[in-house]
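The first chain written gets the first letter, and so on, giving A, B, C, D and E; residue counts start at 1 in each chain.
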Amino acid sequence: MTDLSAGTPGVDQIKADYSEMTRRKRVYGGILLIVFVALMAAGFRTADDRNAGSFVDGWHRIFDYPTEVLSEAWEKIGALPENLVTFFPALVETLNIAAASTLIGTIAGTFLALMSTRGMAMWPALIPLFRRIADICRAIPEIVIALVLIFVLGGGPVPAMIAIAIHTAGALGKLFSEVNENASLKPVEGLHSVGANWSQRMYLGVIPQVGPNYVSYALLRFEINIRASAILGFVGAGGLGYELRNSMSWGQGRYDQAAAIFLLLFVTIVVVDQLSGLLRDRLTHGFEKGARA
Amino acid sequence: DEISEFRIGILGGENAQDRLNNNECLREYTEKALGVETKLFAPADYDGVIQGLLGGTIDMAWLGASGYAKTYLSDPEAVEPVLVKVNTDGGYGYYSIGFARKDSGITSLDDMKGKTFGFGDPNSTSGYLIPSIEIPAATGATMESGDYFGDVKFTGGHEQTIVAVNNGDVDGGVTWADGLGDWEDGFQSGALRRAVDAGLVDMNDMVMIWQSEPIPEGPVVIRKSLPTEVKAKMTKLWDNLSEKDRECFYGVAAGEAKSFDPITHDAYEIIIEARKLKSN
Amino acid sequence: MLRIKKLTKRFGDNVAVNAATLDVDKPCMIGIIGRSGAGKSTLLRMINRLTDASAGEILFQDRDVTQLKGRDKRAWQADCAMIFQQFNLVPRMDVVSNVLHGTLNRHSTLATMFNLFPMDEVHRAIDILDRLGIAEHAPKRAEALSGGQQQRVAIARALMQDPKIILADEPIASLDPMNAQVVMQALRRIHEEDGRTVVANLHTLDTARRYCDRVVGMRDGRIVFDGLPEQLTTGVAREIYGADASFSEEATSTEIDTLDATQKALMEAEATI
Amino acid sequence: MLRIKKLTKRFGDNVAVNAATLDVDKPCMIGIIGRSGAGKSTLLRMINRLTDASAGEILFQDRDVTQLKGRDKRAWQADCAMIFQQFNLVPRMDVVSNVLHGTLNRHSTLATMFNLFPMDEVHRAIDILDRLGIAEHAPKRAEALSGGQQQRVAIARALMQDPKIILADEPIASLDPMNAQVVMQALRRIHEEDGRTVVANLHTLDTARRYCDRVVGMRDGRIVFDGLPEQLTTGVAREIYGADASFSEEATSTEIDTLDATQKALMEAEATI
Amino acid sequence: MSTFATDLSIDELKAEADRLFSRKRLVNFGMPALMLAYLAYVFFAFDVAGLAGRANWENGKTLVADSYSYKTHVARDNRNGEVSVSIEGERKGTYPDGQAPDWVALGATTVIDLEDGHVVRFGPETVEYDIPGYGTVRATPTRSAGVQPELPAGEVPDWINVSKNRMAITTDAGRLTVTRNRSEVFRYFTGWELFWFTLDSPYYGKSPSQLAGLAASGEAGSILNDFWTNKMWRHQDVAWAIFETILMAFLGTLGAGMIALSMAFLATRNFNPLKSVRFLTRRVFDFVRGVDALIWTVVLARAFGPGPLTGALAILVTDTGTFGKIFSEALENVDQKQIEGVQSTGANAPQRYRFGMIPQVTPVLLSQLLYFLESNTRSATVIGAITGGGIGLLLTQAIITQKDWEEVAYYIILIILMVMLMDWFSGWLRRRLIQGETSPKRKRAKVAQAV
């Protein structure tokens, strides 16, 4: 690392090389920019072309639908409290789907992560297997699993819960194993040397290190899962999404209900978002404080 | 005023790609007739097509009666009905059929008391609108969950209703059929027949528990603001399709039928009233 | 007591420990020296069974330790405590819990999950901490302690195991001279007072000379010296370290009083560049 | 040349620099010493106009620098290069680009947005790097360099500005002794060869003594000493640092040769505990 | 931090440790207990026990079996005596008139060999089914008297379902249904039949080597065309659908990135001193993020109609909120030192941003963008299912109509591959564009945090 290394190229050589590098960078940068712009433009044109309405014709109509919904909702503003009460149980169901699937997914994700991290896995040879399992769980959109399960199990919250839990397990499995990779293996080795078994090593050596990060990610996932569970309602998995789809789909005449459900959903998402943001902040913050002490 | 393209919407109920394939010939005829590029769109549910018609992004579609009523109620100036499918027997009606599993012991609406009842799509005439009016008339109670039926659900569509009943997910449900032919075959056409053909249900395991009054077949509608000449051309094209190309007609009409014949808004007043009734 | 016979460890083509043979017949304090990569750590890790041997035997009271599996292996690990250069504590847990980890082998997973350590063990842990002079830190998190204190917690954990042997892998390498002294003295005291065998990898000659009864020198995986500290002449040291005549023993020293200033400063400068 | 008159900076109730007055009439190398919080950084930052003064004047060639705005202020900054303790380079950009940042003030915004610097400036940048002995690192990213090398890049950036004054805020505080020496020698050489004024905040007395023509001592925002290095006796130092009689000058030393071994080792022991 | 004596005696320390451990045990028992209690509540609230009873495992089996097998229908129209053979009973899978696979012998009496001794005969009047180990079942369908079954003596087994107008027999070899109008045999085979070519293609049934030979002799184009336009599996449409899905994700993500970047400055303390504007921008971000992309799809469908543009715009709107939040946080967290370094040379504001800030935030922004590209591919699938189009629509429709599970399986596999490909691609691009990451792990963790 010292500058005394012999045989350094002459300054002229360095200058020539550097000029060459700069030119090359400029050319590449230019090409990249052109390619990017061309891709965006071509992509937009294709999408516009394959769409029923075009962007130019439609953009001034983007407020038509919200206006229709809101004006009806406003007319029937008196019915709002009643609507809110009517759909509250559906909200509880949606929250339950999200919470239960987050809980189950977190547990499964923890397992997947421990199984697929070098130095922690119980069966190191199977690390690639568990990684692929996590990848696949993550790659399948929830809606696919949910629809298949609805076929077998019938509609309702359970297919949605399972579908979201599977996806959550995959997503968290990946995130957690990244956290694990950053965790120090020293405590694990220390525990190994006293004759602790695998579960003791994981529980005492790994979990305390990664716990706050895990919780933080799980909370984030909970936010995402509330949306997911609402979306799955659209395809028959119950909860707020189901109610929202029915009333939106009926349209005029039940837009007041749609607005009420939407309000419930939106407020819930924002509240959970804020709360979990606060909590996560505290977790990571507290974590740093602990390290500094 | 000129148009630069023509967009036809196709309702759900069958595989999206099958629907597009069945209507491909119609697209080609339209292109020839109008001389502009023509596209087919097959959104996931009834509402997708309706929104397209309302927003002016879809020019023509074959709607269900209730769907037309919704379009009309949202914006009376959006579309006008021009044609209707006429069955082989000359009529243009079909039925909403209530059914249940044989082994559940349910044979009539009376047995359904306290049980779970399944509707299809909220915008379906036979899967929701008509039964939601006629069944309360028959039972003398509302369709609210817990009033007469223990629970009332929307399954999302005709196919889902059949599966839900077959699975015991709901105890009874409603779907559509033409009422012709045999129960064992799932009638001549309709959602039940399709399910039988697909090997999904065995009609021996099912019983019919209710049948509605005839429901008028939904209209083929066209956007009002299109140039008169375009509307006339398209109406003529559909009208003549049964003579011009039998194969194509079969695909567009989704089965055997006589032809598409002209119809006007008045035929749907009653459905519109019914729908108004259901809007709170 | 502890007999190591032709113990060998290969990592691919690289032979980390090459037919090491060692005989310990009575409790004593052994220092293992040798330059980086000589195989010191690997040797200790094989004894503790953190690493599997490629060949050879480790006999403890005439039982072959290398053959143990599962529960037996963990039981052996419990008998043979290990102290690491980087302490290897659980940093976010409190000191007492870290010390109690020494008893894990005796408890079921479930019991440890619910923190069901018997109270008398908790008290014994505090007694051990007291013996090492850090009892007042008991409720603190391990990460809140200084390096020397953490290493003493690690020693406490080892003592909690009530082991027959204590292995220490460069226990003072990451400590400053003052803490190093405290830690080495603690180890020596444990050996003297409890009569336990202590095997410590050391990277400085003078530490080995000062605290050990017996010094083993390793070079390129082989044991090239095994004798009393007094036999460790500069010539022998040169051989162990494979150094030429310019070798100055003090270059490896960490003892507070023997530092040659310039030498040290230069070394550090090098290390940081 | 540079005249500072009653320069004051208040942060709320806290007076960081208190009526500092300084007169530099010919190019020289000035070291500013004082303990942490004495106001050294604030003083330099005010001269460079990174921080606005609360009161007082900074006159450079009889123009009041504190009053400059916009373009004029930036032109002054270009004339008065600053070197930071943490180098303040753009770590993800290559070394030459970092050096070229020294010319930003001379180029139009548009050209610089696309990173279009004239080729002859690129060559000059490499020449400067060569002068500082790090030309071969030219195409590397700044973050890939060691601390001493990064600081030399920062110096190169300063030289690229072709400044009338170079301000250096503890340029060697985050460097090890060897790199510190290289960097200080580079600064000294720049002063000697180019005849530029260099003002450097230093946190060690001996560095100030060794490299500076003139030493300024600050305490609690005030300039309490201004004289030749030779005048800087231990007594004066004690006053600057506000230390009691136990103050030992070497405690602040980073020079390689003047280390007192025991002292040093103890200090480190303290630092790590 | 050194060891200064405290005034706690050893016994006091022990007592303190006792308290510490009881507290820990409380937490150790309490947390799992709470989780268990919640799961138990969910178990009852969702009626999992009842669901397990209602679950239709037959459907599950059908689904699994159907996803790797297909059935060939041999159907006789009892009114006119015509026999047709078709794969999956679909028009586009029908054998041309007079043709049939070799296990079907067409004639006055059509003999269908279901193997293992199972033989079905469609006679002019009567349908016969020889079932080994049971006997021969006969049925005579007439318009007037319904289906008249003749079964071997004894109890009717549960795999035979008879009523007046219908008879259905399900065996391992196949399935026979007879109604008054129609007699039909299903025979099941493993595989995805007609995946490469449909029956009407001259290349149907050719081996790969034959095809290679034909391709070499100049028919490659037409072979490709027949495969591409396969009516059964519609490879062309599927490819377009996948493309549309990716297109939605691509346009939505990058469009959102560009809009969010320009808006993020408005929400950042160091660039926008106006607190009210900052507040407003942030609430806008929160709002568009809080309303899910799915809702935006529904809202935008009125203006733009169905299609990929609507889906792309829905993603764009939602992600503008998400990116806006992430980007403004990244902008607020920039290292001031670098900016100061550039500032000290006399650089003006744009130059300070260009050199002091852009190099810092680019990696963060880029990696976020690329990460979302992958996750939006999944969102686009869902959005497509509701209105947009693309592979999501194909999939949901195939599931809802519930007959072609092999197509469902095909689509699911394609979706998984697509998402994994996008994951790999975005990861690859991330590494390429953000080369020389000093600590990739830390950055990745940061990225993940934001998702």
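Note that in this section a contact is a pair of C-beta atoms (placed from the backbone, for glycine too) under 8 Å apart; a residue touches a chain by one contact, two chains touch by 3 or more.
Quick caveat: nothing in here was measured; it's all calculated off a predicted structure.
J.: Based on which chains touch which, give the shortest step count from chain A to chain B.
T.: Minimum step count, chain A to chain B: 1.
J.: Let me spell it out: compute each chain's centre from its C-alpha atoms, then which one is farthest from chain E's centre?
T.: Following the centroid criterion, the farthest chain would be D.
J.: What chain lies closest to the overall centre, CA atoms only?
T.: It is chain A that sits nearest the middle.
J.: Tell me, please, which two chains come out on top when C-beta pairs in contact are counted per chain pair.
T.: Answer by contact count: the chains A-E.
J.: Which chain has its C-alpha centroid farthest away from the centroid of chain C?
T.: It is B whose centre lies farthest from that of chain C.
J.: Nearest whole angstrom, what separates the Cα centre of chain B from the Cα centre of chain E?
T.: Measuring from centre to centre gives 27 Å for this pair.
J.: Counting in whole Å, what is the centre-to-centre distance of chain A and chain D, each centre being its mean C-alpha position?
T.: Whole-Å distance between the two chain centres: 47.
J.: Please tell me the distance, in whole Å, between the geometric centres of chain C and chain E computed from their C-alpha atoms.
T.: 55
J.: Measure off the straight-line distance from the CA centroid of chain B to the CA centroid of chain C, and report it in whole Å.
T.: About 81 Å, centre to centre.
J.: Find every residue in chain B that makes contact with two or more other chains and list them.
T.: Counting only residues that touch two or more other chains, chain B contributes 7, 9, 41, 51-52, 55, 57-58, 156, 160, 163, 167-169.
J.: Touching at least two other chains at once: which residues of chain D meet that condition?
T.: 146, 273, in rising order.
J.: Could you say which residues in chain A touch two or more other chains, in rising order?
T.: 1, 51-53, 58, 61, 64-65, 151, 154, 156, 235, 248
J.: Show which residues of chain B lie in contact with chain E when the two form their complex.
T.: 7, 9, 12, 14-17, 20-21, 41-44, 48, 51-52, 54-55, 57-58, 156-157, 159-160, 163, 166-169, 181-185, 194, 197-200, 202-205
J.: Given the complex with chain D, which residues does chain A contribute to the contact?
T.: 1, 3, 5, 8-9, 11, 14-15, 17-19, 21-22, 26
J.: Which part of chain E faces chain C closely enough to touch in the complex?
T.: 1-3, 5-6, 8, 10, 13-14, 16-18, 20-21, 24-25, 28-29
J.: Residue numbers of chain E touching chain D in their complex, please.
T.: Touch residues, chain E against chain D: 1-2, 337-338, 340-348, 350-351, 354-356, 359-360, 362-363, 436, 438.
J.: Using the touch definition from the top, list the residues of chain A that touch chain B in their complex.
T.: Result: residues 51-53, 57-58, 61, 64-65, 68, 151, 154-156, 235-236, 242, 246, 248-254 of chain A touch chain B.
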